[in-house]
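Presented below are the structures under discussion, each in the form of structure tokens.
Shared chain: chain A. Partners: chain B in the first complex, chain C in the second.
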Partner chain A sequence: MAEVRVEHVWKFYQGEKGAAQRVEAVKDATFTCNDKEFLCLLGPSGCGKTSTLRMIAGLEKISQGDIYIGEKRVNDLLPKDRMLAMSFESYALYPPMTIYENIAFPLRARNWSEDRIRERIKEVSELLEIQDILSFRPAKLSGGEQQRVSLARALVREDAQVTLMDEPISHLDAQLKARLRIDLKRVQREWGLTVIYVTHDQLEALSMADKVVVMNLGEIQQVGTPEDLYQKPANLFVAGFIGEPPMNFLPCSLMKDKDHFYLQFSQFRFEVDSDIAQIMSKENNPKNSWTLGVRPADMIVGSSISDGYSLKAHVFSVEHLGESSVVTVDIDGQQILIEVPGLSSEKEGDLTLVSFGKEKAHIFNALTGKVIRK
Partner chain B sequence: MPAFILTAGILIPFGYSVVMSFTDFNLTSGTSNFIGFGNYIKLAKDPEFWNALKVTILFTIGAVAIEVGIGFVSAYLLNLGMRGQKIWRTLFLLPVMLPPAVAAIMWKLMMAPIQGVFNYLLQLVGLPGSQWLGGSSSALFSVILIDAYVFMPFAGMIFLAGVQNLPKEPYEAAAVDGVSSWFTFRRLTIPLLKPVILIVLLFRIMDCLKQFDIVYAATKGGPASATMTISVQAYYHSFRWTNMGYAFAHLVVLWAIVYVLSYFLVGQWRKAVSEVHGY
Partner chain C sequence: MNGERLTLGKVLFAVGLVLIMLWTIFPLYWVFNMSIQTPIDVISYPPKFVFDPTLENYSVVLLGKSWLGKYETVQTDFPRYFLNSLIVCSGAVILSMLVGVPAAYSLARYNFRGKENFAFTLLSFRFAPGLIVIIPLFIIFRRIGFYGTYYGMIFAYQLLTLPFSVWLMRGFFEDIPAELEHAARIDGYSWWGVFRKIDLPLIAPGIAATAILSFIFAWNEFLFGYILSSDATRPVTPSLMGFISYEQVLWGQMAAAAIITLLPSVILAIFIQRYLVRGLTFGAVKG
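On to the complex of A and B.
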């Protein structure tokens, strides 16, 4: 096992002939995946996460910057010399071979004995529940089954320094996904694997990763633990991308009344500590437009809260989701979602009180998206 | 109806040939009597026929081996993405555009023992010249070379299409897994290309077994009977010696060989296709 360091890595794709513009798929990416760490590259499609993974694997050329695996700079190494294992989103199975032979392929190339191969495949195929399909060829399998085979072929390797996974469970049904999230995490810990995992699904990232790298439009937005991302999002993108339902964003202006600063949203005022106001005054924000972010789960409906803020609003809709309910209220055309446990007793059209604790509010510069924090 | 005409158009001449092979139909005398298996019994005892069969088989093995071997390697080279790839591909295809008989005459000139360019080149590097088409031991090899020249690009182009159609992802997986290219080639590429290889074999084997034009243009089956294929032999029996019934018997035997071989190859091809698609 080894750590992976990605340092100021860029990926350009030259446009078609005549098109002057080059496409920047990855811009100045820097992060480290420590030894035996589970790192997730998370972002919407087209954010550059797969390009980053493929550069680590050596399947794409690095346009600029360096990638180290262990102490070795691997920019100029062929994929086979990087000692990696990888599972592909497109499965990349070998069509003429049975599933057993597919998984055995990298082991046969290493001259493993037949007994050792059989034992190892048994172990991995039981984990991924593919024991019953080992004698089939890939074309006979469903997408979910092929995906598990691709994962098996990556996990079967014992000599890999790093295991790369590109959306390895995206095509599975919800139940199997939930089980594999737990199993993959367990296997990663027990076998001490260093994993770099690409996904667009925040749930996968938050539940499995030790560290998450959030990307958007080729740029890294934030690197942190799942808790960091959830509780201390670095910008509006991360705040909006992480969490389901997404964070509420209220457009505000910063105002001053005598010695007190406050953010004005509609007719409501949220007090701002003077030291925060100080930081805000130094921000590049000529239009004085700020965004106040509060997570739906951090709000309550129907009562006020000490050391917090309360808003009066009409209930717009109530969704019962079984374990919890989502109440949507409307303030001057701005909809706010509140997640409450159990069944909500609110009725559509009622006037109600929405409250949240002061410390639950995140302030963002609406122009740059950057979070304002002490 | 068109299918009927088409089928009839194929079957009637074929049936006629088979019927004729059981007669002593002679162009000179114009007589045609049913003689049962007479022609076939004569064939079995005719050393000329056994020689023609041997020559045909050797010709087929030699020509197909060179065409498939070099064709495969050229397809790989053409797929590497070298500079000027389009020009290479066009040049590569040139021989296929020649009528085989013309190519044969062209090669005949180059292979001429005294004024030919081949012996001149051999001489330049200090090697003894060859009789080429004129030598009883070198003639068969020489016509094989001509056939290979004409049809190797055909094989190469079909292989190239096959190589270009190979899926990319499995190769990426193999590359990351550190599997050597030789191992990948043997265990992945060959099985994936097996249907294409079998198609080329099918076409080329059938074509070579029936070989007539190149041999006739280059050597007329000679010297002695060194390059006498079954087709050329049948031609002599029919139009030289006007013994049509006997010539037809040659062709029916040739047809039977081609049929059995292609039946076998098509079966193998079906199997390979289903393996590649994984059914």
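On to the complex of A and C.
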């Protein structure tokens, strides 16, 4: 096992006709995946997370910057010399081979003896519960089984320094996903694997990762633990991407009344500490447009709260999702989602009160997206 | 009611099939008939469907002797021509595969300048009728000493089989997901190892189908064989012309030779039929 360091890595593709248009898929990515760490690259499709992974794997050339595995710079190494294991979104099982042969394939490349291969496959197949299907061919298996075989082929490599996974469970149904999330995390811990895992599903990232790298439009937005991302989003993108339902954003302007600063949204005012206002005044924001963000789960509906704000709003819709409900209210054309436990008694069209604690509000510069924090 | 209609439909379908079969098979039947008739029966009118069959035509064609019995013949060295065809067609197919497999692979997998132009130019060889190129080719072959040689013939036949092979196999390679190769490369194999262990087993039916079709194309080729070969390297198709003599056309022997000429294509097609269909629908079934 080894750590992986990605340092100022760029990936650009030349445009179709001539060199006029340069497409930048990854822009100046820098992060470190520590030894035995589970790192997730998270972002919407086309954000550059898969390009980043493929550059680490050596399937794609690094346009600029360096990638280190352990102490070794791997830019010019072939994939086979980087000592990696990888599991693919499409599983990429070799169709003419049996499952056993598929899993043995990387070991054969290393000239293992047949006895040793058999023993190792026994170990791995028991772990992933695929002992019974070793003699089948991939086409006979269900998606979940193919998935586990693909993982087995990645995990069978004892000498792999890093295990890469590209959306390995994105095509499975919800139940299997939940089970494999737990299995994967358990295997990673037990075997002390260094894993770099690509996904667009925030739930996968938040539930498994020790560290998450959030990417958008080729740029890294934030690197942090799942708790960091949820509680201290660095910008509007991360705030909106992490969390389900997504964070509510209220457009505001910064105002001053005598000595007090406040953010004005519709007819509501939210106090702003003077030291925060100080920071805000230094921001690049000529139009004085700010965004106040509050998570749906941090709001309550139907009553006020001490040391917080209460807004009058009309109930727009109520969704019952079993153990929780999502109430959507409307304030001057702005829709706000509130997640409440259990069944909500709100009725559509009613006038109600929406409240949240002062400390639950995040302030963002609406122009740059940057969070304003002490 | 429904069942009856279905039966009627089935009957009509069967009748249609039989008609198409008759239409297709009849010329073959007629040639076969001619090949087992004596010269008198062949030219009799109205044509005879019942006659005393004879194998004389075959023995004359295969043994290559002048017939000394009831009727005349020209002397043809048919087994030699048959062998020539085998050499030239196999040579052309082997050459097409040796050049075509790497060409198809690189067209399917890599991006390089002028890739599509190259592929199209290759295909465009098939657009032009052979008649357009045959005279210049003949003159060039005379000059550089290719005329009437096996390697010259193989080179000319390869012009027919290579473009076809490259285009067919390019599709097969494109149907192999690139991720399979990526996975194998990460698993620790070199480019050659991946090609040999992953690509080749997957594409083997496709290569077999392509090779067989190419062989049949080459085998049935007439023009290049007719113009570019000398008597020593003449393939079977133009050799059938040898049965047209000054005084008469030796229909019976020509038919016998034609039937023998047909055999390799038919046998190949029958034995490899399932393979062939699988090879040609390799990509189609996946979509």
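General remarks:
Everything that follows uses one rule, which is that the second predicted complex is superposed on the first by the 362 of 374 C-alpha atoms of A that agree within 3 Å, B and C clash if a C-alpha of one lies under 4 Å from a C-alpha of the other, contacts with A are read in each partner's own complex, and residues count from 1 in each chain.
By our rule, a contact is a pair of C-beta atoms (placed from the backbone, for glycine too) under 8 Å apart; a residue touches a chain by one contact, two chains touch by 3 or more.
Quick caveat: nothing in here was measured; it's all calculated off a predicted structure.
With the C-alpha superposition on chain A as described, chain C and chain B clash in the combined arrangement. By the document's definition of touching, both partners, chain B and chain C, reach A:P79. Applying the stated contact rule after C-alpha superposition, one finds that A:K140 touches chain B and leaves chain C untouched. When the two complexes are overlaid on their common chain A, residue A:P95 makes contact with chain B and with chain C alike. The partner that reaches more residues of chain A, of the two candidates chain B and chain C, is B. Clashing C-alpha atoms between chain B and chain C turn up only in stretch 242-250, chosen from 44-52, 116-124, 134-142 or 242-250, once the structures are aligned on chain A.
Common to the chain B and chain C interfaces on chain A are residues 57-59, 78-80, 82, 84-86, 88, 90, 92, 94-96, 105-106, 109-110, 153, 164. Note for the complex: chain A touches chain C at residues 57-59, 78-80, 82, 84-86, 88-90, 92, 94-96, 105-106, 109-110, 153, 164. For chain C in complex with chain A, the touching residues are 177, 179-180, 182-190, 193, 197-198, 201-202.
Chain A makes touch with chain B in their complex at residues 57-59, 78-86, 88, 90-97, 105-106, 108-110, 136-140, 150, 153, 157, 164.
Contact residues of chain B toward chain A in the complex are 167, 169-170, 172-180, 183, 187-188, 191-192, 194, 275-279.
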